[in-house]
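Note that chain A is present in both complexes that follow, paired respectively with chain B and with chain C.
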Partner chain A sequence: MKIAVVLRQVPDVVEELVISDDGRSLSEDDVMYLTNEADDHALEEALVLKARAGAQVTAVSAGGDEAKEALATAVAKGADEAIHVAVPFEHRGDNARLASVLGPMMKSAGYDLILTGVWAADQMDAGLAGGLATQLSLPYVGGLVSMSLDPNGAHAVVRKEFPGGRLGVLEVSLPAVFGIQSAEQPPRYVPVSKVLAAKKALRVREQGEPPAVAAGVRASKLVKSGSEAKAEMLPGAVPQVAEAIVRILRERGIA
Partner chain B sequence: MVVSAESLLVSVEGQGTAGDATDEFLRRMLKLPMGDKLLSCIQCGMCSGSCPLGYAMDFTPRKMIAALRAGRVDDLYRSESIWLCVACFNCTYRCPVGVPITDRLIAGLREELLGRGVGVPPELQAAFERTSRYGNPFGESAKKRDAWTKDAGMEVPVLHEGDSAEVLWWVGCFGSYNKRNQKDTVALARILKALDVDFGILGSDERCSGDLRCTSQGEEGLFDVLYQHNAEELAKRKFKEVLVGDPHAYNAFNKEYRRLGTPLDVSHYTQFLAERAADIKRRSKKEITAKVAYHDSCCLGRRNGEYEAPRTLLETVPGVRLVEMPRNRENALCCGGGGGANWLDSYIWQRTRVPLAMQRVQEAAKTGAEILAISCPLEVPRFEDAIKTAGLEGRLQVREISHMLAEAMGLNGGARP
Partner chain C sequence: MIPREVVVVAEHVGGLLTDVTLEILAGAYEMARSVGWRVTCLILAEDPKPFQALPLAADRVVVVTDPLLGSPNPAAYARVLPHVVKDLSARLVVLGNTSLGIDLAGALSHDLGAPVVSGCVGLRAEGDRIIATSRLCGGKLLAQVEPPGELGIVLVMPGTFHRELGMRDAVPPLDIRSSPVPLDNLPVRFVELQEPKMGDVDVTKASVLIAAGRGVQSKENLVLLEALAKELGGAVCATRPVVDQGWLPRTRQVGRSGMTVKPRLYLALGVSGAPEHTEGMKASGLIVAVNKDPDAPIFDVAHYGATADLLELVPVLTEKIREAKGTQ
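== the complex of A and B ==
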């Protein structure tokens, strides 16, 4: 069983997000990255499957150098192999492009299972897993909360949460691409010393980026969202408040 | 007579039981300073008897060592007792032969479990992850560490590379980020200014000192990374002494940083100010008319033997009548927040049902004290929560000594405190 997990690096919103001078993207110098939360769950699910039935887990990270940190952590947690795909800053949020970069590489590697988070914080759509499935002509289900594989690796039984508190159990033939909502257990902790050791010993396979594709969606503007209307509290005792309300209503021509 | 390390290992190996894992554990301990002391245990049980949570442990410290001798470390790895330790240091303090139970035995067992990724309470993992990523256990931006200075109502000097000051003030995570602790941080800043102390802070280059999160908790790798960062940043500035607000940082600097090659002339703020008590007393005009009980923090008291400085300072405040709780100084009851336990409250509560902080505020209230004075920032949120739970609101207040001094000196009010 060969499992690939895609670990996207997304801007950490704990740090202030600075809009760059072009007015339609984030300032690269100010961005701190972290692994997309749902992708972290995808890795955990892969490691759970590995522990249960044995599997070769490949961590694939797309982005700049910071993506290698995520790979070291993945290897320290138990991934067997690490692949780094360099993607320029301005293209990292574009799923169509990511899928077109990752698809051909995954096709030749012959994975039985490709897992990634069902969504990512910086994406223009939630479509990476679906895009990959299209690229690879494989079945896709997203929003999964757990799965089990049959012993001969022919199909997977996956559980998907539907709105309204319904849990679907679906049978999917393998190979397939799955979008993980949450792993069946919280992502494991790995001590810093192990991550540092993994970083030192890390052997990353570099995967270059193929020629650009014409993206269908283009960001034209990125602005700080703010509330357009704000509530004003009228202070004071009841007579003053009443007076203030009357004044406001008169000012606006309502009364 | 002390049993030699080798003879214990040989005897364990000789049994041909589950000794391999135990051997491995003991060999690791022997490489650490004082690690060989683990083998000097005389099984007197003083540790277990003095542990405030020993009653809830299937393996008390004495039993843990007995299990090691029986070659059964695996039993300990399966025990939840490892995560009940609040690093109060009672066991180590009381041990007649000086076995470093908190810093070696408990830390070593936790390190092993962290390495295996099994049985580690998720809340503690999350705190480790945040500390590793942001340099503080709250998951706040490292860049915002000195944001509190904006509300200080005074200019707080930030030392950058190459800058110098007489005193480098290590503010710490709680003092920097926790809204409630920030009031006390500002109070201390104003006191330093009033006393004409030439000081500066590290600003956003400061990270968790490592003690609270790490040294007795088993995340040694995380401690190493924090130590490296902090030692490098300290080396870039010139200063004569270090002033810390958090006793845990005091402990880390005093013990671990020194051992690792960064000797600092460090004092806790109560020690620093106690040397200036006469000056403070002269400037203190405003009365705080109240009965005050002082809670000895574990890191300042049992771990580092400082009991008098905080009391000396409280006596400078006009109107204060100092009373003692029955358990004071080296017998003080822990607030329950050390050794990472601040992030294990629900885990420990589920297994003990009587929070230490709650017991402590009840003890304080019984003395008739109206103020529970403290010198460790963790105790503010811990005791304030406990006061609410214990129904003591309105009867007992928790106050950092710095905040009381600043009030007496007429420095509070204005922008923040």
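== the complex of A and C ==
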């Protein structure tokens, strides 16, 4: 069983997001990156499957230098192979382009399973997983929270989230692309010392430049939300805030 | 000139259209009316009966039937939709930004050669242009996007438009067709749809909810929130990251794929306010949010907010509520 996991670097939204002077993109100098949360879950799911039935797990990390850091972490966690795909800043978040870069490489590698996050924080297009599936002419199902593989590797039974806490159970022919919502267990923690060790020994394969493709959708304008913030902010330190909340609740007969 | 066609792809469970379907119909209808376009509500189903006399906000309802369209199988939808959308000569296809809608985006984009704008919280037309507003980066950014080309596809966030406006007084004309393509040999088989197993607490029934976000930091800290919930006669619910960590069961999750709640009080503690969470709680009677990040998008939906460390605030708040009750 060969499993590929695609990890994308996305802006860390806990950090200040700065719009660049063009008014339609983020300021490159100010963006801090982290691995897309759902992609991290996709890696965890791959490692769970590997532990359960044995598999060769290839971590494919897309982005700049920070994407190589993500590869060291992935290898420290248990990935067997690391591939870096350089994505220039202006193409970050363009999943259509990324799918066209990854498609040919993945076709020749012959993966049984390709996992990535069902959603990326900086996404405004159709998403990576579905685009990859069409590139590879493979079936795709996303929003998954667990999966099991049949012993001969012909099918996977997957659980897909639907609104209202419902779960759809679907049987999918392999090979397939899956969009992971969350792994069966929380993404594992790996000590920094192990990441540093993995980094030293890391052998990263570079994926070459992509063919020219039409870009996906692009923002004509990018603004920060929240300027229309509605909440009335309660001033003061903790005791004053607590008192204000109690007063509001009592006015409404809640406390 | 023949009016442009907007095709709204419906979702349904147990013969009922979902809320988000009515919401996106409302948004599409309003947009279409502003520029003189038409709206078709497209329903893929095994049986057309439940959908035959609905007063939907659409100029017509097209039901495509096939035994394999009885369940929300993304592979079946992905095979049928491109054919039907082409038949209808659509200018715009509107889907919910839902579990099913997200699955279909890539395939539809490919098969129809059309760009997709996902995460939409706004939609309008000017002349022949379609202008969508997409929410990204945990709700902190809004991007204005004009899908290029003659056909666009948008995925609209649940909660963007009013579901009540998805219905009107009149029943639009109905067109029932069988699937234009055979649905045999699908690579995906829909086995079953499992209803949620309710645990000890049904968060959809609680009148007071104390919501734990990532800011609670550890499972141990939930004790503080439980004590506060007990004092207010409420229950503790959570955002996805908290549930993914295994700190609370899945049945306590509020948001897109979890529960939709409308308590009298929703006290959001350490909740950033990502759109996939707020769509499940923003109809709450009173929303009070506490977060260390003054830019957290939760303050956009809250009525009251405070920039504070919840771990410091909650014990003090619990004590003050206890005192207040004692003086009643």
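FYI, the second predicted complex is superposed on the first by the 223 of 255 C-alpha atoms of A that agree within 3 Å, B and C clash if a C-alpha of one lies under 4 Å from a C-alpha of the other, contacts with A are read in each partner's own complex, and residues count from 1 in each chain.
The rule is simple: a residue touches a chain if its C-beta (ideal position, glycine included) is under 8 Å from a C-beta of that chain, and two chains touch if they have at least 3 such contacts.
The model shown is predicted, which means the values in this text are computed figures rather than measured ones.
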Chain B versus chain C as contact partner of A:K194, first or second or both or neither: first
First, second, both or neither for A:K160, with chain B first and chain C second: second
Which of chain B and chain C A:L34 touches, first, second, both or neither: first
First (chain B), second (chain C), both or neither touched by A:V14: both
Contacts of A:S173 with chain B and chain C, given as first, second, both or neither: second
Chain B versus chain C as contact partner of A:V85, first or second or both or neither: neither
First (chain B), second (chain C), both or neither touched by A:V238: second
Contacts of A:P186 with chain B and chain C, given as first, second, both or neither: both
Chain A residues touched by each partner, larger count belonging to chain B or chain C: C
Footprint overlap on chain A, where chain B in one structure and chain C in the other make contact: 14, 16, 186
Complex interface listing, chain A residues touching chain B: 14-16, 34, 77, 186, 188-196
Chain C residues within the chain A interface of the complex: 13, 18, 20, 71-75, 98-100, 102-111, 115-119, 134-148, 153, 158, 187-196, 208, 231-232, 240-241, 244-246, 250-251, 253, 256-260, 264-265, 267, 272, 286-290, 293, 295, 297, 299-309, 312-313, 316-317, 320-321, 324-325
Sites on chain A touched by chain C in the complex: 10-11, 13-14, 16-17, 24, 26, 37, 41, 93, 96, 99, 118-119, 121-127, 129-134, 138-143, 157, 160-173, 176, 179, 181-183, 185-186, 216-226, 228-234, 237-239, 241-246, 248-250, 252, 254-255
Footprint of chain A on chain B - complex, ascending: 111, 114-115, 117, 120, 122, 125, 128-129, 132-134, 139-141, 143, 219-222, 224-225
